[in-house]
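Both complexes below contain chain A, partnered by chain B and then by chain C.
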Partner chain A sequence: MNETFVISLLLGSLAAMVPIALTSIGAVISERAGVVNIGYEGILMLSAFFGAIFAELANNGWVGLLGGALTGLVIGMIHGVITVYLKGDHVIPGIGINLIGYGGVAFGILAYWGTAGQHQVAPSAQIKPLWMDAFGNSLSPMVPITIAIAFIAWWMLFKTPFGLRIRAVGENPEAADALGINVELYRFTAVLIASALAGVAGAYLSVDWLGTVTKTIAAGRGFIALANMVFSGWNPIIALGGAFLFGFFDNFAIYIQNNPWLAGTIPWQFIATLPYVVTLVVVAGIIGRARPPKWDGRPYKRE
Partner chain B sequence: MEERTPVLEMRDIVKIYPDGTKALKGVTIKVYEGEILGLLGENGAGKTTLMKILFGMLKPTKGRIFLRGKEVRFKSPADAIANGIGMVHQHFTLVEVFNALENIILGMEGHGLFSKIDVENARKKLQKLMDELNFQVPLDVPVEKLPVGTQQRIEILKMLYRNVDILILDEPTAVLTPIEVKELFAVLRKLKAQGKTIIFISHKLNEVMEITDRVTVIRKGQVVGTVKTSEATPQLLARMMVGRDVVLRIEKPPKEPGEVVFRVENLWVKGDRGEEAVRGLTFEVRAGEIFGIAGVEGNGQSELIEAITGLRKVEKGKIYLKGVDITGKKPRDLYDMGVAHIPEDRTHMGLILEMTVMENAILGMHWRKEFSKDLGLINWAKVEEHSNRLIKEFEIVAPGTKAPVKSLSGGNQQKLIVAREVSKKPEFIIAAQPTRGVDVASTEYIRNYLVKLRNENKAVLLVSADLDEVLQLSDRMAIMYEGQFMGIVKPDEVTEEQIGLMMGGVKA
Partner chain C sequence: MTALEELKGYIRPLGESVLAILIGALIGAIVLWLSGYNAVAAYKALIQGSFGSLGNFAETLSKSTPLILTAITFAIGARTGLFNIGAEGAVYFGAIAAVAITQSIQNPLAGILAGLFIGALWMLPAAVLKVYRGVHEVISTIMFNWIAFYLASWLALQVFENPMNPNSTLPIPPGARLPLLVKNSTLSLAFVIAVITAVVVYVIMWHTKLGYELRTSGLNSRAAEYGGINPRKAMLWSFIIGGMTAGLAGALQVMGIPPSYSISQGLANVYGYGFDGIGVSLVGRNHPLGIIFAGILFGALNAGATLMQQTGVPLEMVKVIEGIIIVAVAVPGLLDLFLKPLRRGKA
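Our next item is the complex of A and B:
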């Protein structure tokens, strides 16, 4: 192990941390307010796709991220209206979003760019790294931004009136309602924040980290983010740590696969499961069993 | 004196629910500043409905509300609070994982939705409020870890923090221990001295007699009358409330107990947090005997019952039924051996509220041959017959066997449980808090029924936080404190003072 390898592993881990962290943090906020959404995978897919379109149209990666956030917001609005205002089921819309995500993007790439399954985002439309070395290792500005978002989200949830109310409507909406807190408004807002963050995460995949749109670009990260949220005990900062851990082993697995000696000994399929297994074991082991917000996933209707 | 304008008047309030139930049929009440008004009535009389209308939780079908002479109409509880009316519900509306401070300041945390909450300032304000009222609650502990009496004070503080001057308390003593009730009354008197107006909803005569200035009695959605407490007697109020004289005493002929039916030997049980909840209990219940267990709630009674009924692991010791060791047996085996269980929490353990009366009537017996057809299908005709028999025999007021149980009043739900358990033809009946939150008439019925079972030579184990109930029904009684019995006594050979001491942990 030399210095270059360590730097490469560290930067790779941080890059892989960003989408999972952003999605998990959003999910923490949404579920703290009592709204479950299993559609983050679909949001990642669609916002990666639309983010790339926005970025190429404006020839600017940041506009791509904004486009991703807008995509997330629109999907979040649909989910929020169904779950918060129409008191619908919290799981079903998410299934729909995921299905639309995979189907829509596979079709969209072909329809919009005319290529099948994959589109390379123009380099000029990608986010410029903060730092880069001769070996192609780079650090995205989204890394410090994501870390900042985790701490801001934590501070907001646990130190401000806004956060107190978010948590109150997720724990006991009746109590919040009786004190004049607009339960629906706070829940809806939380859903929007969550889906916008997932939208940024999706666009980050295409216009920053990977620089490409593929028909399976989310690759299960939306679901990993949900698991990470649970194991973080619904805490944004621990979710950030969990996301880094996943990113680290994700990169480590690639390193092992590229090492002929190790790859010959251990089947690559086994190594590929490493990030998933280790993240779950470590984060679950540290946090133990956390209790979800009491009204998580339950529509609130005044009697 | 009657010329004073009431601070609050509800005039001709009518409430008809969408399903056609007439909850209130033109109720008028007047509340004067600085008084404690008792709102007395049986469960289902409409007291809570009336107060929910006042508090903006329900819309009245008809009627007007005047506050300080001006007509008002509250769209939500928050609206009512803003107008100085606060309510403490029977079931608390607290965020369990929040501490007292967070629960109280929620919704009025101070300026700036995204600025840091000024915890110290809130703490100072609350401390001042608590000092004035002469009580303390821990502000930094999650409220779920606090006793119900403390949670109730937090609810009261929550309202006072919002500067309400009319406070509605819905059955505030239902969940309290006798000591906590005394403490609550002290707080209420303090509030009254500060000039607050209090509406005290209750169906307990002695409490209303003790704390209120005037009493308005409601029966079946109508006001029966209003009397000055100083001019009332419990007998008068009982007659107004029920519409007939209530037999406040239970007929209980003397009886020699028979052989030992149930026996517990050196029983140790752990609580939810791993603490020793039951610590080496030994006792027996004989045929034709009611053995009562009294004591302040949370002293291991629930864990004891759960261990006996097979719902909780026994750490050490033995439990025998008719000489057979039943330690660690499953609830179903126990049912088959002749144990019946009236659980302490009817809505969570006793009934499935969403299911119908007849489905609930066979819970725990649904596998029995008498209710099944070929291929293991349930014989619904038989079940219906069975439920109708129970409804008739136990005088349960229900819209029908196919109505959901949640549409029954608390008293009738409880009667259904008693009916079901008794229909299992048990030898040994465990009755936990059998009349909690139950109206006077049903209470009387259930208590008499327990005595009837005793007279039929059954063994009855009664566990209740209602001391009067234990004293009235038991042949022998034990007082439980921190997992142990402070003494086993005969109710007629002991003074209230002695029992009070034992409840406080002093051995007899």
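Our next item is the complex of A and C:
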């Protein structure tokens, strides 16, 4: 284990942290307001695709991130209208959105770029790294931005009246309603913030980190983000740390795969299951206790 | 309840599902048109490819087989008030179990029983976490699906790998394979087994005491408890039966599909059925008999996609249509949104 390896593992983990952290932070905000969404995987897929299109049209990676956020917003509106305003089930729309995401991106890559399975995003349309070394290790500006977003989200949720209301409509919407808080509006807003953050995360995959759009680009990160949200106990700052751990395990599993001596001793698949096992242990209350907001996933209808 | 009343109760959910399917087809056509494809030609090929000939229809039924079984997993959960999306993992292990046991016992029944047993066993931890620790099943089953994926990949690649063919596991020996129903197709006895399973589950859920307990605790677990039903027991059974049908799906998927009769690399031929089954169950209104038809519909989409691809439309378009159907199903009172203006027009 040498210095170069440690640096590349650290930078790799930070790069992998960004999409999981952004999506988890969004999911924390949405569930704090009482709205469950398991469609982040589909949002990541579609915003990676549309983000790349925006970026190439404008020849600017930041416009790509904006395009991703807009894609997320549109999907969030669909989810929000069904769950918040029509009082529908919170889990079912996400299942549909994930299917649309996987089908739509595979379809879209062929329909829009005419290539099968993957499209390389033009280098000029990608976000430039803050720092880069001779070995290809780099640091994206999205890393400090994500860290900042985690702290801002925490401050917003726990230190501002807006955050207090978001938590109130997720914990006890009846009481919030009695105090004159517009439950539906706050829930809908929280869903939109969450979907936009997941949208940025998706675009980050294509116009920054991976620099390509593939038909499996989200690779389960939308679900990992949900696991991480539970792991964090619905706290944005812990979600940031959790995302780093998930990113680290991800890189570590790849390292083991490429290391013949280690690969012979521990199957890399065992390392890959660790984050999920740890999350289960946390949720089961064996170490710590993760409790969801009281009205999480339940539609609120005024009596 | 008379038979007529029971029939009437089915009309509304049927109408809602048909409407959702129409919306899926319509929006799918719009997407195709916007992307510059010929939607009419694509849909013609889709129907031709799934129902156009005996061979194509056999393919449709073959593709529907695992979907019917994983949909039942979800449906039993939903009827018990659970959101069990863990069928995916149980499918992998059902397939591995069938491959493992048939190496020594060359009998299809052994494979089927192994699939049922391992499927139920894999679902138990999620059941125990739910019942005794209050862990929400959506979260635990998502975790278990990932754990299953990595463990099953390892088992397939390292433990049961085929030394003659590194791209797959050991094949199911000929003595344990299920007979084909239509020559030169992939339709085997597996489809019949899936349909029988659906009917058996229907009988259990609607005509036995256990089924009554499951459904009652699903409707209102407190009222059920007051009425002398143990909702914890009901939940455990719901996970166990659901795990069995998902495990069976995996076993049948390797025992009944020529030519490989094995699990391919990356679990490709057993991957995704647990997720797709959720959609099938929703369109089938979480009812075993509705699921048979919804399963055939989704099977038809998957079978017809191959021919549709020849008109230039990417295969994955059918996933988009499926996704839109599910989002449409999720809209509460979908039928009323359409029927109300109609009724007003009449008056």
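Just so it is clear, the second predicted complex is superposed on the first by the 279 of 303 C-alpha atoms of A that agree within 3 Å, B and C clash if a C-alpha of one lies under 4 Å from a C-alpha of the other, contacts with A are read in each partner's own complex, and residues count from 1 in each chain.
Basically, a contact is a pair of C-beta atoms (placed from the backbone, for glycine too) under 8 Å apart; a residue touches a chain by one contact, two chains touch by 3 or more.
Remember, it's a predicted structure, so these values are computed and weren't measured experimentally.
Novice: For A:Met132, is the partner it touches chain B (first), chain C (second), both, or none of the two (neither)?
Specialist: neither
Novice: Looking at chain A, which partner touches more of its residues: chain C or chain B?
Specialist: Per-residue touch count on chain A favours C.
Novice: Now for A:Lys294: first (chain B), second (chain C), both, or neither, which partner does it touch?
Specialist: Touch partner of A:Lys294: chain B, not chain C.
Novice: Please work out whether A:Ala175 is in contact with chain B alone, chain C alone, both, or neither, and reply first, second, both or neither.
Specialist: Touch status of A:Ala175: first partner only.
Novice: Classify the contacts of A:Leu262 with the two partner chains as first (chain B alone), second (chain C alone), both, or neither.
Specialist: Touch partners of A:Leu262: none, neither chain B nor chain C.
Novice: With both complexes overlaid on chain A, does A:Gly285 touch chain B (first), chain C (second), both or neither?
Specialist: second
Novice: In the overlay, answer first, second, both or neither for which of chain B and chain C A:Thr273 touches.
Specialist: In the superposition, A:Thr273 touches chain C alone.
Novice: Let me test your reading of the model: by the given contact rule, A:Pro161 touches which partner, first (chain B), second (chain C), both or neither?
Specialist: First partner only.
Novice: Do chain B and chain C land on any of the same chain A residues, and which?
Specialist: No residue sits in both footprints.
Novice: In the complex of these two chains, what residues of chain B are touching chain A?
Specialist: It comes out as residues 57, 76-79, 81-82, 93-98, 102-103, 105-110, 112-117, 158.
Novice: Which stretch or stretches of chain C touch chain A in the complex?
Specialist: The touching residues are 31, 35-37, 83, 85, 129, 133, 135-136, 138-140, 142-144, 146-147, 150-151, 153-154, 158, 275-276, 278-279, 282, 313-333.
Novice: Which stretch or stretches of chain A touch chain C in the complex?
Specialist: Where chain A meets chain C, its residues are 36, 38, 42, 78, 82, 86-89, 91-93, 95-104, 106-108, 110-112, 215, 220, 223-224, 226-227, 230, 267, 269-270, 272-273, 276-277, 279-280, 283-285, 292.
Novice: Over in the complex, which chain A residues touch chain B? Could you list them?
Specialist: So the residues of chain A touching chain B come out as 156, 159-162, 164-165, 167-168, 171-172, 174-181, 291, 294, 303.
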